[in-house]
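I have a structure I would like to understand better, so I am pasting it below and will then ask my questions one at a time.
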Amino acid sequence: MAEFKLDLARHERIGLDEAIFCAGKTADQIAAILDAFPAGGGLLLTRLDAAKFQALPPRLRDALDYEPLSRTAVHGAPRVPRRGDPVAVVMAGTSDVPMGREACRTLAFNGQPHTAFTDIGVAGLWRLLDRIEEIRRAPVVIVAAGMDAALVSVVGGLVRSPVVALPTSVGYGVAEGGMPALHSALASCAPGVAVVNIDNGYGAACAALRICSL
Amino acid sequence: MAEFKLDLARHERIGLDEAIFCAGKTADQIAAILDAFPAGGGLLLTRLDAAKFQALPPRLRDALDYEPLSRTAVHGAPRVPRRGDPVAVVMAGTSDVPMGREACRTLAFNGQPHTAFTDIGVAGLWRLLDRIEEIRRAPVVIVAAGMDAALVSVVGGLVRSPVVALPTSVGYGVAEGGMPALHSALASCAPGVAVVNIDNGYGAACAALRICSL
Amino acid sequence: MAEFKLDLARHERIGLDEAIFCAGKTADQIAAILDAFPAGGGLLLTRLDAAKFQALPPRLRDALDYEPLSRTAVHGAPRVPRRGDPVAVVMAGTSDVPMGREACRTLAFNGQPHTAFTDIGVAGLWRLLDRIEEIRRAPVVIVAAGMDAALVSVVGGLVRSPVVALPTSVGYGVAEGGMPALHSALASCAPGVAVVNIDNGYGAACAALRICSL
Amino acid sequence: MAEFKLDLARHERIGLDEAIFCAGKTADQIAAILDAFPAGGGLLLTRLDAAKFQALPPRLRDALDYEPLSRTAVHGAPRVPRRGDPVAVVMAGTSDVPMGREACRTLAFNGQPHTAFTDIGVAGLWRLLDRIEEIRRAPVVIVAAGMDAALVSVVGGLVRSPVVALPTSVGYGVAEGGMPALHSALASCAPGVAVVNIDNGYGAACAALRICSL
Amino acid sequence: MAEFKLDLARHERIGLDEAIFCAGKTADQIAAILDAFPAGGGLLLTRLDAAKFQALPPRLRDALDYEPLSRTAVHGAPRVPRRGDPVAVVMAGTSDVPMGREACRTLAFNGQPHTAFTDIGVAGLWRLLDRIEEIRRAPVVIVAAGMDAALVSVVGGLVRSPVVALPTSVGYGVAEGGMPALHSALASCAPGVAVVNIDNGYGAACAALRICSL
Amino acid sequence: MAEFKLDLARHERIGLDEAIFCAGKTADQIAAILDAFPAGGGLLLTRLDAAKFQALPPRLRDALDYEPLSRTAVHGAPRVPRRGDPVAVVMAGTSDVPMGREACRTLAFNGQPHTAFTDIGVAGLWRLLDRIEEIRRAPVVIVAAGMDAALVSVVGGLVRSPVVALPTSVGYGVAEGGMPALHSALASCAPGVAVVNIDNGYGAACAALRICSL
Amino acid sequence: MAEFKLDLARHERIGLDEAIFCAGKTADQIAAILDAFPAGGGLLLTRLDAAKFQALPPRLRDALDYEPLSRTAVHGAPRVPRRGDPVAVVMAGTSDVPMGREACRTLAFNGQPHTAFTDIGVAGLWRLLDRIEEIRRAPVVIVAAGMDAALVSVVGGLVRSPVVALPTSVGYGVAEGGMPALHSALASCAPGVAVVNIDNGYGAACAALRICSL
Amino acid sequence: MAEFKLDLARHERIGLDEAIFCAGKTADQIAAILDAFPAGGGLLLTRLDAAKFQALPPRLRDALDYEPLSRTAVHGAPRVPRRGDPVAVVMAGTSDVPMGREACRTLAFNGQPHTAFTDIGVAGLWRLLDRIEEIRRAPVVIVAAGMDAALVSVVGGLVRSPVVALPTSVGYGVAEGGMPALHSALASCAPGVAVVNIDNGYGAACAALRICSL
């Protein structure tokens, strides 16, 4: 019996496509899913690490637009670009880029324009203040930050748009795994910050897409 | 020296008013804040338990619209009602009503229409399916649920609007304090669910307000 | 002195055979156990990863029916098939297959018929509802799910048979290791769900076998 | 709008009645639920502490069969007694009686005969061995134990019936809240032990009822 | 035998006086300690809640300078004031005042001048920026903050003096007990922030005193 | 049916008497146990708080030797005194006295001589060094300490007798509940320290009694 | 400057030799320590994994008596055998052998006779009861067990000698890392069980040695 | 767009240079940062493991002063040496050397003299007491310790200078990851100990530098 069942009605139902979470799947299972996917559609693969990508049959590898830093791959054509102001994807430090990039790739696949802002953590506050006006113009602001995630609260206190916090597992000691970043975001002193799971760039982008589709 | 400094510019800056979190404050401190508040404005007080409310001077008590279940009070006039479809506030069980009601009161104070849906947890799935079409029409859906918070994922898989999960501390044993509900919401298999802190009805409403203000 | 002592009277005492948990044992220790095992009987090995299987002497490897996905091996003959309706083994996603398969293999070894239902998580609820009548006919329903494990509560609210939740370690961030799935299952809003340890497909099957032996 | 919606179809759907979890509800909410309940049926109330019971209107108090130790109340008539061997409810120590009694009351309300075995923890193993033959005859064995919950594994290794572990919050220090008892039960070295949430006597009984209804 | 032994040589040894931690002591034990204390010296009592203070014999109550908000009392004369710039005690919100005040009282008892800055959390960043020049002049900056404790990192990135983070237990949900504030401070992206235990205003002041004594 | 079953053969079996843990029992249950206890024997009651003691019938109260600080009561005659050097019960601070005293009372009840050493924590190391020779003479050393429990390692590095660490719940913030003290004792850099549960003075004394009975 | 300083006076001070904990040291550091060790003495090395052992210079490898399962090595001559009954080292399952063996090797190095009892966990209780009389004769009983560690309580309720629980990290899911085994041992319902850190066979043996030296 | 933005104004603002945290960065990203760094300045790289260092282009490797034990590298010239007494860096055991060395390297890069004291943990207290007078002369004392971190409290009770505790992840079982060491330091019975994140030698040095710059 087949080991998967694609939720092809998802876009019609909730406006978001099914995506393949590759972390717990073997290369064989992923290949079977790709082979079963109806031609003409587009499919996003997340958490596809380089070794697993290499283990796919060449014919499938060639059909994928793969980016190792974010561990994402796109099969088929992305959706046509939407109109409107770009979503802001703000990354506290260079180490948060892989997670922020997963969000960017998910937005792009869904046709949503976005702008990335990198390495503007609060340890050097001027880097954020330099660019805050540009960030304030975005319809949604995604903030990717690890360690203390203080950037989330500072941004949340300065912009009026919906803020989606994307806590990352960057850090060590008490910050190992990202719990302090997650908890800081959830306990943020800035009102109305909404939060997704640690390192869930895909989910942060989906939350933004739900908002931008209103 | 004064023990507080109101952030009166907050509405202008981010579109949300300063609110008073009463849990860690004495009745004296709250009274001083109310006295300092400029006439004509409106002010929301949260986590004001009945005993602390009773300890306020009568003159201040009379000036407050207090509701014990949600532990909220409104001082002065709420904002004028906004237009548009009502936000849906979905509560899994009767025990989640206090937190859901805190969200409702915050929405009302800010002039945002909303509809409450109570006791429609997934143990009796028909209760949710009966009302899902109405819920799908809301621009934002807040889902308040404790214990396993399975309702969050089921709703998230059925509606296209932004979903704000409000995990509650309802439960005991492993669910004491609300961690499983929070973690279920963060790890939801439905894409793009955004989450606020346990029992943070105020924050869930603020997240919805940021979205409705777009 | 011998480093093991087989509990050969177990089947007579509780109706379940001794099984070998290979995770903490060296290939040498496993080989010694197999050599000591009385001819004619059947023995189940669990958590035998591919590398350790390869490290066994060829003569023992040949005597084992090994399946890498579930990391199980069967030595000797399985028990004769029991009669009655098949147990349902419901797996939320493709990533839950290894744990669900460990349950299937344990049931098969003990002669218990079963049916597997794969990738029917609640994010696409129709996939479950399509097959619920078939699931309702099973004498016991095992539900393998990670992340939020919302499927456990939805199934528990729809079937009258005993439900054994098998939380899995599928997920990352707060779901890393499987705690939210375990806690969701334990705090399920559906009454009478019984739970086994994270990733314990063997234990879920044994619980089902105890029930089917009544 | 009403703050509750009874799941009256639950018995027909899954063979178990709706029950009222009183911990998170006010006396007013509970009274409203009882008033709305259709005459002729039976209703179980759990986690109703003595103070809240006293706060109900006298007319409702009189209609309830209340037991303070287990904090349960029965409204209306219990179901007619089922036939067959009694379920065994084994309690490790006197401190586990409230939780074990909640299970007994739930079984009785559903017409299921049962026998209670009290204070037979493994520190004095002879107390268990004295009664093990009687326990082995039960179709299901519920084991209520706190602290180290070692009784769960010992019973699980001696009986062939389904074993439902009911970990309790009895204990202090590392055992405060019942986590070690829960984790011991989940990690039991006896195969096929199924577990419910800490202090969830109601759930343990419901799991037993699902099994006895086969 | 006496139940206490004062460390009267402590000031000579490390420059800080013995202080009495009253939380785990009975009023009788505290009274015995005060009676045994040599005349002429000064003694600080911490965590002396109002009920325990009231339970002391009147003669001892009269001899104490008691402040309920910080739960501190001073017996005898404080040390003569030191010279130099005042230490800054920065409190994020009104709810952090009790802990900040414990620090202030400890500094005052030891003759160290200080200035308090209240309610200047980052949700309204201008409140901090308004006063940052004054704060930068302090030889040591103590930052008391709960919830996300984002203020710690923002201050740490703006001043060159030693920064002592005093995480507080202000908050609920994930912030209950103060862990996120503690972990944010420890994982601060601002380099060289030093941290004391949650709610340990006494310890933060002692750390500052060690520095000011250089 | 009786809710308790005394393990009267325990002394003969393991050399230690059954003791009654009162925390989870009602006054009625305790009274029933005392009434059932055979005349002539001795019985120790632990964790009997003052309110529960007061709720016992006067006739039983009079028959008990009750001490509120340690929450212990002795019913009947203690065992005859053993010979040999006294066990050392070392308490780090005054706040550790209740737990240390529970150990002392258990030793005394069993006829074991002991000496108490109070308030000799390592913050004032000279207090310990002053008395170390006396402590070194004890056949067993019990060390009761909360917070960082550094005293355990220092004593463990200075004496050759068995050291039983009794971590206490004294402390707040990270030390709330006693986990750091427990973990420090378990991870002690002094070799061969053995540890009992947090606040388990009874257990520490029983461990010492097992050793002294050799 | 040297990176180590041997505590050569330890045996004279506390009756136990310095031992080298190799886990956090490089092969170079270990070699330097061995080279600095005075000839004629004996030295125990713990947690020396096979790769690190292989990285030592051949001349040092040849001088060591190395055993890979317990990861221990002995340099120089062990102490002369003591007299008296052998200590019992009881191991619940085959997977606990490495930790139990570390205890055995430490006892042997110190000249203490011992007997090992393997694979006698409570899932097959008869295996323990078969050998309990022999175990009861030991002056100290070390019990190595992972998962639920129920064996600790069963043994503790059957023997009168000091019992040292050695919880192991054997297990997965909730048992990953050994916490449930540790907590079960600490919360044991058998009185006077003393506990060492997870997997600390060395420490369990040292505790036994302190007792046997009385 | 560039993935980094150096905070070159940091030294002017807070007296400490920007440092590069290499753990979450690819070799490519680190190379890009080094290439962008203005000539003439000095730059510290932390957590640069040997494999990543080897993956840098040879021209950059040659320009770095790399030390594998502390995983630090210095690019360009360190700052000119400061005057004054050396900071004391006290390491409990040989296994704490990598973290202590990271602190030493950071101090050296900033021109701050320091002295290292190695392997003087409290299990052999004489090793500390031998050198305490020398340690007391330091303007700041950094104490690196894992496991129980008892050394922190002993040193904190003996010196008057500021003490910066650097808890390390040395240990296993409950000490795995360093939490007990961190919590011991935070709950230290010695007053005024300030603490940094587990294994954060860089942060401990920065805290010392802030103090020494006063």
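The chains carry the letters A, B, C, D, E, F, G and H, assigned in the order they are written, with residues numbered from 1 in each.
Simple rule for what comes next: a residue touches a chain if its C-beta (ideal position, glycine included) is under 8 Å from a C-beta of that chain, and two chains touch if they have at least 3 such contacts.
Computed from a predicted structure; not experimentally measured.
With F-G and B-E as the two chain pairs, more C-beta contacts join F-G. Repeated interface, listed pairs A-B, F-H or F-G, reference B-C: F-H, with more than half of the contact pairs matching by residue number. Per-chain Cα centroids separate chain A from chain D by 44 Å. Chain C and chain G have Cα centroids separated by 34 Å. Rounded to whole angstrom units, the spacing between the C-alpha centres of chain B and chain F is 48. Taking the mean of the C-alpha atoms as each chain's centre, chain C and chain E sit 55 Å apart. Those residues of chain E in touch with two or more other chains are numbered 13, 93, 123-124, 156-158, 173-175, 182, 186-187, 190-191, 197-198, 200. The residues of chain F lying in touch with chain E in their complex are 69, 93-97, 116, 118-120, 123-124, 126-127, 146, 170, 172-176.
Considering their complex, residues 92-93, 121-125, 147-150, 152-154, 156-158, 171, 173-175, 179-191 of chain B touch chain C. Within the complex, the chain E residues that touch chain F are 1-5, 7, 9-10, 13, 18, 21, 23-26, 29, 33, 47, 169, 177-178, 182, 197-200. Chain E meets chain H in the complex at residues 13-16, 19, 139, 156-164, 182, 186-187, 190-198, 200, 202-203, 205-211, 213-214.
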